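Structures incoming, each one as structure tokens.
Note that chain A is present in both complexes that follow, paired respectively with chain B and with chain C.
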Partner chain A sequence: MTLKPSQSNSCRYGGCTLTGALSVTTHVRDAVTVVHGPAGCTHHNFSLFHATSLDNDAPVIPNLVSTGLSETDIIFGGEPALDRTLDSVLPSNPGVIFVLSTCVVDTIGDDIAMVCGKERGVLVVPVPTAGFIGGTFEDGVNKALIALAGMAEGSRGTNARSAGNQNPGNHPVSANIIGEKNLEYELVENYTEVNRLLSAIGCPVNCRFVHDLTSARIATLGDAQVNILRDPALVPVGEYLKKRFKTPYIRSFPIGLGSPVFLETVAEVCGAESRDAVARELALQVETLGTFADLRGSTISFAPALVDPKAVSAAKQLARALDMPVRKNGLAVPLPTTPPVGIAGVRRLLHRWRRAIHA
Partner chain B sequence: MVMKQIALYGKGGIGKSTTSANLSAALSLQGLDILQIGCDPKRDSTRMLMHGNFIPTVMDLVRERGDATVSLSEMVYSGFNGIRCVEAGGPEPGVGCAGRGIIATFQLLEKFGALTGDVIVYDVLGDVVCGGFAMPMREGYAQEIYLVTSGELMSLYAANNICKAIQRLSSRVKSKCRLAGVICNAKNQPREEELVAEFARRVNSALVQFIPRDRVVQVAELNRKTVIEFDPGSAQAEHYRVLARRVMENTRFTIPTPLEIDDLEALAVEFM
Partner chain C sequence: MPECTNPLWSCAMTGAASCLAGFRGLSVVIHGSSGCYYYPATLLHARLYGTFILENEVIFGTEDRLKEVIESLPGDTRIAVITTCVPSILGEDIRSMLSDQDVILVDSPGFIGDVEAGYRTALATLAPVVDPATSGINIDGASLFDPFSRGNVQECTRLLGIAGVPVGTIFAQDALHKVWKAASFTIGTNEDFRSGVGTYLGGMLGFSEIQATFERIAGVYADADIDPVCREITEERERVIYACDKYLRRYDPPTVAIFAGASYAQFAAELLNRYLDATILCVRTRNEPPPGGRYPAARIAGLSDVRACIGQYEPDLVIGSSFERSVCPGRAFVGITPPLRGRVRLAHQSLAGIGGTLHLTEDVLNACMDRKPAVH
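Up next, the complex of A and B:
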């Protein structure tokens, strides 16, 4: 039996493995995701993704199909229902079909890989996502990303393979963004911030793996010189890609005032120049903190909430930078559930603090 | 009379179906209205009562037609002396979930009001491998559990495991499930009756009937009949009739005290 505790420091403790994997596969826009289980598992996730996409001002109808298992399927085995469902989605001509499992089909031992292995003229990729075995939401994300990376069979990966960590010939460099949290509220802002930083060192984004792409795009996964993980929970994916494409990875988006170090590290990994960009970023940090000078000296406390420990340490760093004592009896200021990304994240957080302090 | 519901549990191949069918036949000849329910995907519990025919199972009907269109008359078949026979059925070996099949069958039988008569005999597969196969022991179903065992250690081991299930279930507030006794379906080992009687005593029960091994059982089965029907004058038929009487007269229903494996082995060694 597996009793697997969450190994990350992100706040996505627990959660549903299936939902995590779906947050990835539904972003492959020409794919159909078949959820092998009772209809409710699909309905619940469909509602969640639809509502979240509305919240994020990017309404998308997730392309989900349920095998709609009944009690009879559970008793006699669900493999025929999966087989029928796969055949039924073929006429829509999907670029790829993902098959995600639910708790009940892994309990009764359906041989999903066998059904997926049948020739249908389209790639069918199984992702085992039964949650009761001990997986979490982030395990689902990781499993889906690794399964999708398996599709990058024809990836050239020439730059990464020939140049390794260096780029002496001054080839154009690029970075992949790995494992964006497609359900998070600040998804767009966080991507924009990282993209801005990467552009500053002449390292544009190659592939957002996986956010709003088509299956063909995945083939370019091996072409980047560096993989930028959204957060350290994705290290297993980073390791997998490193083994597969020899692409080194950065463990996390820059947190709080960490952008200058981020720039240096990324530039070093892909052989780019960072001195000017770092200087500009440091100046931007000084300038930004300067616009919050009115907060200096305020005694604050952090509102107790379920937050990532990294968000707490980022908040403490900001409090130090603005000479704001953190005391138990200080004015309660909000903490984000996930750490602020770059100076843009810092600015949004400090705006919230200002509202709390001047309320 | 109050409807009596009994279940026979025991190791696979120990003779539960033979014992159940002969018990049902003997009870039926006492003038009682009997329903025998086979709770094993092998679906052969009622075969001798049906003169060698495998009847369609509840699960087959549900699979082919969906439970909305299935009727009671299609699930219940009249066998020897009007004994009503039902087979739960289940998935092919190696797929699906047979335990859930038992639960679904019971729900369906309940829905149709099929669980009637003077005595219902539940013939359950070898071991209580999951919650589904403990279904016949649950509230509203069999309240009297009989263990079928020989003197072989593995058979006693299985019986002891079933005691654990009965003990667990009987601790529930509304549970009326009790161990009603041990039936020895003998392999004709030396001192087998003594051994099984002692096992029964140690698990806080009693040996209800010793059924010796007799060739007439195989001969009757080759003729697709129970011993009761095939050779009612035989000594073996009399054993089954005595069993039937004792089952009807039995008032000793206990919460079993299962043995530790070491004690069980020591017991078997004692009677070697």
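Up next, the complex of A and C:
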């Protein structure tokens, strides 16, 4: 990006709503996602997801079907193209069909809900996206997650929990992971770290909502005792799930050295024991920081970049923990695009700092 | 285009950006949404600017936003604005809006076609001019969209250099002002991105074509000494023959399915058939193939077509993009088609020129030997 965003127009740079929603729907493996718009929009996203899946060693090809709107469709309306496309994907027997709109079709005013409402013998879920007209990338993620949560009707969890009693029947505890950033380069590593922490307090993952699952799996969404949001931008989704399933939520993955607090909070919500796990985590943090003792005293600065402010806070916390003064004329070290998750994220970041100091 | 599963090729807007962003001294603005901006910005690895328009600008007009962005750009370059789908649909008179600005306006919304169409539109808008006083030979076919483009230009520049021929204008990878001072003759690195500027002397894909092109260069450029190039072709052809012959001493020739732009596809088919006696099972192109190619080609649009084709022909070797690689596990694969994801690529490899033929040959042989095709 070459234009510095101002606070007032930062939503301009929030990415495409369509891409955000696709990052969710393409992870429902038995689904077909229809993108209603020109083929170029679908290609751009398909290519992006293809690249990301290769980065994450998971070369799964998402089923993205474009309605392939031409100039003629744009002039006379794209609804027949959507209707035709929906019919064309039926022979592949998808578990569900998601229909996502692009900014082009919102501009020309196609009635997507009407076309999706036609009976086809398979669930057709329209997700209101519409590119930049629909909002930002994060808006797209939230809209898709909420649309998909609507498929979890009849979940056992709906009636199993009552307010103020998170685990009424002393069922085995479990957690849902909500809104993983499926396009994130460190996706696997961040999940692994959170799963490690949850395992330490005996709280396995119930459902990764939404990462590499089937439409049937979504029905278990209400079974967990707690929802762990990937980051606070997902609070609207957390609130929706809390209202729908009475499941409390944790606002974010643990950032930087915040894992002990994360463990205590999750354990408290689930009614689990955390004291030993917290002690072990604190010891691991001391041990890990000890392996970077050579960085102590190095004067650093943070390379200018468009990053999450919480990533800057986490970096400052790390610098303090290692007695590394942060000065304008210090050696520039990289900031993570998103805050480092847990001690594993801290370790990877400190390796990058060491690399920056050495080379 | 009818409905299509996982479309394989980029839109006209990306094609226009891949042309314009190759010229130094030109600031390229994508007039559209952030989604339209981010894809070419990440794919082309070029500095692009964007208007990142929002809903209220769609309703009330984009003029203020477009002017705001243009006025914030560096003052030492010319400006090109590429319109994307929504501004085109809105039908604003952008040319009038910018009448007081020195702006090159390229109307290339994604829905008008594919990447080649956008490239042609952008170059036509620049309106290149041949200047008879300009010495040398132009090189065309360069596009930031093509991962081999930079390597192609380097290799063709090298070959022209050893023949003592100056390089004219490189389309589209040069200083902007040279667009209007092009030389009278042109050679091509990739005919899918022909400039149409000057008299075309031929392409640079494959030994025979390179040789013929340089012979034509000698015919029009009196100071050219093409003997060193011809000697290098002879020497390197012998190396290719030796390597392919050694391969054939142990293995059957591969059966091949090729998925690429029309120009590279014909080059690969010709190379593999001639030197490796490969059976070309099918040639499927991203763009419309020109009529009359030696290897019959057909255009395909989506990944499901690729999967069906590979399933039908069961080739030993697949040549294509990382899309094709993802649906042909267990088969030998060589990448010549964008995108080439999932690999670290730092060196500027070529397909054009002598080096390009060597590069493709060694990639094919190594890929086939790694897969150890059956000996019958």
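Convention: the second predicted complex is superposed on the first by the 332 of 359 C-alpha atoms of A that agree within 3 Å, B and C clash if a C-alpha of one lies under 4 Å from a C-alpha of the other, contacts with A are read in each partner's own complex, and residues count from 1 in each chain.
Definition applied: a residue touches a chain if its C-beta (ideal position, glycine included) is under 8 Å from a C-beta of that chain, and two chains touch if they have at least 3 such contacts.
None of these values were measured; they are calculated from a predicted model.
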First, second, both or neither for A:79, with chain B first and chain C second: first
Which of chain B and chain C A:172 touches, first, second, both or neither: neither
Residue contacts with chain A in the superposition, chain B compared against chain C: C
First (chain B), second (chain C), both or neither touched by A:71: both
Contacts of A:297 with chain B and chain C, given as first, second, both or neither: neither
Chain B versus chain C as contact partner of A:108, first or second or both or neither: both
On chain A, positions contacted by chain B and by chain C: 71, 74, 107-108
Footprint of chain C on chain A - complex, ascending: 1-3, 9, 11-19, 37-44, 46-48, 50-51, 54-55, 59, 61-71, 74, 81, 84-85, 88, 103-104, 107-108, 131-133
List of chain C residues in touch with chain A within their complex: 1-14, 33-35, 38-39, 41-43, 47-50, 52-55, 58, 69, 72, 85-86, 89-90, 110-112, 301, 303, 322-323, 326-327, 339, 341-342
Complex interface listing, chain B residues touching chain A: 59, 62-63, 66-67, 90-92, 95-98, 100-101, 104
Chain A residues within the chain B interface of the complex: 71-79, 107-110
